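I have a structure here, written as structure tokens, and I will follow up with some questions on it.
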Amino acid sequence: MGGDVGAPHVVLDGVDKRYATSSGPVDALACVSLTVDAGEFCTLIGPSGCGKSTLLGMLGGLVTPDAGRVLVDGRPVNGPDPRRAATVFQEAGLFPWRTTLENIEFGLELQGVARERRRAAATELLGPLGLRDFAGKYPRELSGGMRQRVAIGRALAIDTPIVLMDEPFGALDEQTRLLMGEWLLDIWRRTRKTVVFVTHSLQEALALSTRVIIMTARPGRIKSVVELPLPYPRAMESAELVALRAKLWSEIREESLRAMGDV
Amino acid sequence: MDRITIRIRIVQIVSVAALLAAWEAIARAGWVDPLFVPAPSAVTGAMLRVGALAMAGLGDTLAKTAVAYVISVVLGVGGGLVLGSIRSVRQAVNPFVIALYGMPKILVLPWIVLLLGFGTLPAVVYGAIHGVFPILVLVSGAVRDVDHTWLTVARAFGARRRQLYWKVVLPAIVPTVLTGMRLGIVFCLLGVLIVEMFAGVRGMGHVLGSFANGFQAPELFAATALVSMASIVIVLSLDALNDRLSHWRGEAR
Amino acid sequence: MSVALIRAGIVVVALGAWEVFGRLANPLLYVPPSAALPALGRLLTLESYPDLGEHLLLTLREIAVAYGLAIAAGVGGGAVLGLNRLLGRAYGPILAALYAVPAVVWYPSLMLFFGLDAASKIAFGFLLGFFPIALAVLAGIRQVNVQLVTVARAFGASDLVVFRKVMLPAMLFTLAGGLRTGLALSVIGVIVGEVLGSKAGMGSLINHAYGLFRTADYVALVVVTLVLILASDAVAGVVEQRARRWTE
């Protein structure tokens, strides 16, 4: 487990990433350094193309930095490690030939957990996921929100200290997004995992996070870090949050304009 | 059954019945030479007479087809997996595969018979050659087109290479493999029949050829009907199997 | 290394291996390239088969007639089934079921009826080419924009006019694909028919060379026939490209 709550859990140190494209090399990230403490709900927000998904990929071991280091618990990240971090993608990425239960237990299956044990673990999660009646259904029979819940369930099933989420609610309509955010918050508060959450939505960032990291337009750097030591559930209309929203928006807006003009 | 389906069935049954009736009438009236166009009643009689012989021939053909089919599926799926997974090999070899797929295999038939003689072996080999290409092309395409998200997800959850194949690629390509297998059986059967007609000593192709050479029209029609029905049954069965195994895909196929 | 270079390399290595293997094993049976090329030369100079031209022309004529009939019946039949919903739904499945039968089972019956002459080859080529064309017409009609048809009908157009002036242009692309496949299959049908039993045509020459164990001549004949097939498909491909440009 990642040490005591509040201790540094994930560290990015001077990380670069460059991609070769048909129109020449593109700097996705330039000298990014940040720390995420254990038990935090840390949100990465920024304009399109700022490299937040690349960053998340590095934390998950799917992307290798061209320079700098990625450390978890003080140890370098060399590749995906399902004992360390679980990822939830924007497209749920459920396997259409597997039922809800089979999708949830996928990670456990890869690790060689015995059938009865992994079936039991997956079934236990159905309650909190709100999917008790859908255990045997296939993805095509589920709504978008349900599919994302299965994807999150799949990530929770392997019980990693860190959960990485790349715009998991991006493809959902607004009402579903709000409800999913509430539900996610509930799960997080019960399990106290370290969550790194990428989003476009300022509302989500403010409602869910303990800390918000704003990134610049490409090449992505850390523009600012805002701590949100506020109680849950968040009173979105309170003076404090309104002021915070205005502040965050002005910074994000600046970078968004820069990203748009940069086309 | 709703009204439309009833009307459709009526049209189908009436057309077939009318066709048979007209055919019988024309044959009886003597407007066609019974040597070339036998009456349906004569065909039915012939079916009883040579039924056993025809069934034996059919069994022979189907046995060879089965062997050729197994070879085609193994080589086609195996080769398709390799071709679809390894980009460098695929780029270098693909045009040759496509060219061989499109080439009429009949042109190499005489040479195969020269090489392997008459009988079972050339039939199996030629049938396998016919059946392997559609499967190979379909499977390699399917492997190449496996949804990248699934692969990324599996890797993110720590899947090793072997697990990637077993748990993602293979299940993902099942629908295409089934389509390929359905195509393959018809092609294998076709290949075996052609060899039997060209250089066969047994099997349905040879039976049909003998009846044709002997101007035994009713027997020929009966045997043709028999092998046609067998083929339709096989294909429909594979279709039904396909539907059952792909139920997780829903209507999209 | 460029891909084209690798492919050329594969061809060279394959030819080389064939040459070595052929010489060592049984040159008569395996016909290494060094034996095949002179045979090709003898064929093209009409030395080995002086009446090559006649046979080639016969095969081409058979293909042309078979294909022409396939187009007429395929477009006509496909149109009838596509336009009349009841007939289409009644006979469509029957057509699809017949397509599942390997076409060669019909050939002995055709040989019985038409004999060994060109007629049976034409009939077989017609049979093979008919199905993809009819099915393409059927599919093409189904995907025509219903609105276009409704507008035409509202202006009083009859079924035939609707088909000619609205549907045909709209489904040109699907139709072109079906026509191309139909040509390929008609060609194969004619050649298979000739190889399986005929007195004239390219297939019969192939059969003849095979029967006399004249393997080098056989290879040369196969090459020439292959060129014929590729040429016909290339022409069809060009027509298909043109059709694609018109419909876009």
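The first chain written gets the first letter, and so on, giving A, B and C; residue counts start at 1 in each chain.
By definition in this document, contacts are C-beta pairs under 8 Å (C-beta built on N, C-alpha and C of every residue); 3 or more make two chains touch, one makes a residue touch a chain.
Given the structure is predicted, the values throughout are model-derived calculations rather than measurements.
The greater number of contacting C-beta pairs, out of the two interfaces B-C and A-B, is seen for B-C. Here B is the chain whose Cα centre lies closest to the centre of all protein Cα atoms. Rounded to a whole number, the gap between the C-alpha centres of chain A and chain C is 56 angstrom.
One inter-chain figure worth recording: chain B and chain C are separated by 19 Å, centre to centre, where each centre is the mean of the chain's CA atoms.
Remark: chain A and chain B have CA centroids separated by 50 Å (rounded to whole angstrom). In chain B, there is no position where the chain touches two or more neighbouring chains simultaneously. Chain B meets chain C in the complex at residues 4, 7-8, 11-12, 15, 36-37, 91-93, 95-96, 102-104, 106-111, 113-115, 186, 189-190, 193-194, 197-198, 204-205, 208-209, 211-212, 215, 217, 220-221, 224, 227-228, 231-232, 235-236. Taken in their complex, chain B has these residues touching chain A: 149-150, 152-159, 163, 167-168, 171-172, 174, 248-250. Every residue of chain A that touches chain B in the complex is listed here, in rising order: 60-62, 80-83, 86-87, 89, 91, 93, 95-97, 106-107, 109-111, 138, 140, 154, 158. Every residue of chain C that touches chain B in the complex is listed here, in rising order: 3, 6-7, 10, 29, 86-87, 89-91, 94, 97-98, 100-109, 111-113, 184, 187-188, 191-192, 195-196, 203, 206-207, 209-210, 213, 215, 218, 222, 225-226, 229, 233.
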